[in-house]
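Chain naming follows the written order as A, B, C and D, and within any one chain the residues start at number 1.
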Amino acid sequence: MQLGIIGLGRMGANIARRLLRAQHEVVVYNRSADKVQALAADGAVGVTSIEALVGELAAPRAIWVMLPAGDTTEQMIATLADLLEPGDVIIDGGNTFYKDDIRRAGELAARQLHYVDVGTSGGVWGLERGYCLMIGGRQEVVGRLDPLFDTLAPGYGDIPRTPGRNPANDRAERGYIHAGPAGAGHFVKMVHNGIEYGLMQAYAEGFDILKTKAAESLPEAERFALDLADIAEVWRRGSVVSSWLLDLTAQALASDVKLSRFSGEVADSGEGRWTIDAAVEQAVPVPVLASALFARFRSRQDHTYGERLLSAMRFGFGGHVEEHGGGESAVAHASRPAGLPDSAL
Amino acid sequence: MQLGIIGLGRMGANIARRLLRAQHEVVVYNRSADKVQALAADGAVGVTSIEALVGELAAPRAIWVMLPAGDTTEQMIATLADLLEPGDVIIDGGNTFYKDDIRRAGELAARQLHYVDVGTSGGVWGLERGYCLMIGGRQEVVGRLDPLFDTLAPGYGDIPRTPGRNPANDRAERGYIHAGPAGAGHFVKMVHNGIEYGLMQAYAEGFDILKTKAAESLPEAERFALDLADIAEVWRRGSVVSSWLLDLTAQALASDVKLSRFSGEVADSGEGRWTIDAAVEQAVPVPVLASALFARFRSRQDHTYGERLLSAMRFGFGGHVEEHGGGESAVAHASRPAGLPDSAL
Amino acid sequence: MQLGIIGLGRMGANIARRLLRAQHEVVVYNRSADKVQALAADGAVGVTSIEALVGELAAPRAIWVMLPAGDTTEQMIATLADLLEPGDVIIDGGNTFYKDDIRRAGELAARQLHYVDVGTSGGVWGLERGYCLMIGGRQEVVGRLDPLFDTLAPGYGDIPRTPGRNPANDRAERGYIHAGPAGAGHFVKMVHNGIEYGLMQAYAEGFDILKTKAAESLPEAERFALDLADIAEVWRRGSVVSSWLLDLTAQALASDVKLSRFSGEVADSGEGRWTIDAAVEQAVPVPVLASALFARFRSRQDHTYGERLLSAMRFGFGGHVEEHGGGESAVAHASRPAGLPDSAL
Amino acid sequence: MQLGIIGLGRMGANIARRLLRAQHEVVVYNRSADKVQALAADGAVGVTSIEALVGELAAPRAIWVMLPAGDTTEQMIATLADLLEPGDVIIDGGNTFYKDDIRRAGELAARQLHYVDVGTSGGVWGLERGYCLMIGGRQEVVGRLDPLFDTLAPGYGDIPRTPGRNPANDRAERGYIHAGPAGAGHFVKMVHNGIEYGLMQAYAEGFDILKTKAAESLPEAERFALDLADIAEVWRRGSVVSSWLLDLTAQALASDVKLSRFSGEVADSGEGRWTIDAAVEQAVPVPVLASALFARFRSRQDHTYGERLLSAMRFGFGGHVEEHGGGESAVAHASRPAGLPDSAL
């Protein structure tokens, strides 16, 4: 099947390659020409303008936009909308906020253009493992694109089948789903990322407890110098917490158990935030997902203003002055809370 | 190798069976004789008293106690201590609090008896998949028992090897570790369960957001009736959140997406609680693990007294009276917060 | 000074009365005429249409809209905008989302109309105690309305002066502030309510711990039947946690320590939710404010779907079936976590 | 009435002074003699040994121990127990863990000595304002000491009376309560401090949101440079969040709105931790109190190991490398989450 792809970052380029390997016809455009040439070398048709891309494709066209979410994607879709013909379909494979999908689908429908949103998971591993796809859009449009999705998805692989699945409905087992109307694909992907934050933070906290069990502030008999790499590894087999994230943890710890190349400042992206906003809108209690996001916010700051305010209040009622410096010693001190009468507040 | 096992609940009986299948010699005792007979039919030597168990074993003996943690295990160990000889080893495979292990190891050492604590993960799947073992105790004692642990553990299986592992140190890759001195095994298992709570709650919250996305209180264009079974299934392939817990989720949802056989009152056990206590003792921030535990506490109550107090305060400052009943409508109402001036507090 | 007031709910009516008592001239409108008549009896000029209200006021007019936030307020402002003259000012005293204020101020400025947003705290107590006012809008417009705000605010009262305050800048000490441009008033009020949720939940959790200290599941020597009314009362004097919310708590507990008239289903309004959204937008970690909101969400549900999913996972790995019913016994059971080997997962 | 006091830190010395002002007879001991002399100058009887203290007091004696909780207090009580006579009473006014009180009371009862635990709130303000006292012990013993508690407590003061209180039971209204048997006093004080942490964190988070509303990463029209000192001040009057902690906040911000003398590393003491342990033991969900404690733990660290692990996982699945440095820019970046396709995981 024929597909145009706009945006040849790592994800866009690998999606193109996975399609090419399955003999799909792929026309690619990227702002910088070298990436286009690289794909052309792998068998794609490379073009140097959006107009040329549209010209190379036979109607009804399908164009996959794989650009940074937000303004960049928004403008590209506006550009495309002016060039395309009724019946053509624009696929947004990026990390768009699902309410933007709903709006866009409505705007494009008024011009008889179709819109499909695809939440795409798989990252640097997707080219080989395949991409887990969560798709939103009209039934017949998504159906028309099925050969593409089928190629991109991981397929059954060697993962054990789930007992009780309806064998006739096997898209989910092959790694892609049509989640619902426009926006539903990105909504499911958004929640996926929200869960991902929670899972990651659960492991992070657990390993923190293991790590600090060697602290000198603990009674000597209760101090353990645990081998975290071994622990991550052993949990991969037969334990309840085995997961792909644990596999990655085991790899990272096997390589450098001190994790010294990582600063500990953890970025977050739109999906993690939108998940909390959605939960708030839907009145769903999500303490774990929210705590995981907040831990990332906190990780990127030296001290919050709020923490200084806590110290100021403590000074106000008890005359305590929190000393500068001494992170390590402060922790050690606090782990033997003494409850001095002078701080009896 | 020869092993005595006390306690033939599901875990104890399956551990015996897995050892028997590998030609180990197993002597078993259980308070109720029928369980002993069942194991004897599978090849174990069955005995009807602790004294007989000790008598059947050649010194230096190894006896695996697999009983409910707490008083039951404590008393059994006291009983054994009076019957055993210097050099014998008692293995506690249950869910004992690790500080109890440390204390016991010291008490037994004074009598020249050895103590090994084994955190055992694997549950109903362990007989076939093997048990993930986290072991605490003295190096030479744990080493002596290695043939047993090697049999009980899952082995390499078909799980991809972790790049960067030292091939010489392969116990962890075969599914068991010697974590450290007495208590270290149960400590690692305890944190394992703490993480497990966090992981489970992350999935639970995510699926709650997906489920409530169909609520009528949302604008119609933003309402999605998502197929949760399909979503769990598709995430099993190529996504970041794939895990064994997700496999179980997919199975549960494939069987009954309404989960109607489950009440939603979620039990918790000692390990989840002790994990939080350990974090508090070690001054480790664990918002996700704690939130997961608190969600279980809350799940088992109709309303907390604290919630009534919130309502009482709201009445005090604003004259609001929270109505009885109407859970569903209350949620619906709240998802369109109106901010009435009369409640402008 | 002259003021029009639209909306005579409890807040609007009491604001009118407090102004009347200070000899301001107040023209009032309400959809239902009886409320207008009641205010007219107290000295207000009552009118029966928006047009009449505008007609009664001398230019430049000031009109305080005190209606439910959202569509009702939005439409009233649109109606007023068509009737007013350049230089007139619309005051929104309700609980409007601050981004709506910013948009409206821009729209009205294009028509040479002024817009002022007033976050108003004080509730049923405001008529006597005065209202704490957080005001957004252009400097000269807010300044023009100062006599009204000065009357509505509580004044110095008998609250001890804060050392270090600049005596010249005494609005804040008299209970009102000009927080910034349009939207700033409601933004500050929004955060106020977010904090309020956190404070309330802190008390609620603390009293929950006190209450459950009498549980039979605890060792008898560690069980205390505490007098919660006395505790709330004693903390009002000389303790760090004294506050107005604690005063209300003490009143509620003095009246009925069982709080039996309150269901425990706790409503929430827009401000509490928008506070979390703002924190997420601004990358501020707010675990306490978010937890407080989530506790209210949870309080209005019997069981979440997520909780059922937790039970389903537990069944999947351990064969546990959470029993229906038995909230009390379930709690009691859980407070003596036994760590049965059979659940060794 | 006669009282011995051991420990003349700020709290002990001020308790002695408040009693002296009301004509009680106070015998004081402290390890360093200068503090004894200072109190003697204020009218106390100063002694230089524990034996002398016991000798100066008439039986049945009452001795208030005001030393650091833990070993120091434990040893002093052991010393006293050897010197005292049946019927004498030891009062522990420090911050002892309530289970230690229960144990001690039992041990002392076997020697016919009485034990009373007093949770004492008031800090540097107590000498003038009085101390809020939460008392545990046997009814008749606590009753015997009533004149002392009555003097130390704040009394009715000018705080409005709570409607509905039983006028006959006025101890709580005068600022002290007999909470229950030994340990109950410190238990109530412990929960008091747990609540205090929650309240403080709620304000801290709210002011963080206000502070960061001026961030350049926000759209210019939505940026507010708020006057935090004015906001704290205005909330003191007529608002729901008024409290003593808010008074202290207003003072701190009036003095230096940048809070530049405070590092933001916030200490915690035993009570905050034991509150969480108690909640875990009693199966009470306390997300706010726990989050407040965890925020303090986090405030004392540069980065947790867990945060580095989060970064390592992100690198594992997406090739992200979190950069060192750039706290400020990292925050700014993250507040405009871009959702790059390359990070589509």
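In this text, a contact is a pair of C-beta atoms (placed from the backbone, for glycine too) under 8 Å apart; a residue touches a chain by one contact, two chains touch by 3 or more.
This one's a predicted model, so the numbers in the text were calculated from it and none came from an experiment.
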item	value
Most distant chain from chain C by Cα centroid	B
Chain pair among A-D, A-C or B-D whose interface repeats that of B-C, sharing over half of the contact pairs by residue number	A-D
Chain A-chain C separation of Cα centroids, rounded to whole Å	36
Centroid spacing, where centroids are CA-atom means, of chain A and chain B in whole angstrom	28
Junction residues of chain C, two or more chains touched	121-123, 125, 193, 196, 201, 203, 205, 208, 212, 240, 244-245, 251, 268, 273, 281, 283-287, 291, 294-295, 297-298, 300, 304, 317, 331, 334, 345
Touch-based graph of the chains, sorted into line, ring, star, complete or other	complete
In the complex with chain C, residue positions of chain A that touch it	240, 268, 273, 276-277, 280-281, 283-287, 290-291, 293-295, 297-298, 300, 304, 317, 345
Footprint of chain D on chain C - complex, ascending	99, 102, 106, 121-123, 125-126, 129-134, 153-155, 157-160, 162-165, 169, 171-177, 179-181, 183-184, 187-188, 191-199, 201-203, 205-206, 208-210, 212-213, 215, 218, 221-222, 224-227, 229-231, 233-247, 250-251, 254-255, 275, 278-279, 281-289, 291-292, 294-295, 331, 334-335
Touch list for chain B against partner chain C, complex	7, 9-12, 66-70, 93-96, 120-125, 193, 196, 200-201, 203-205, 207-208, 211-212, 244-245, 248-249, 251-253, 259, 261-273, 287, 291, 295-327, 330-331, 333-334, 337-345
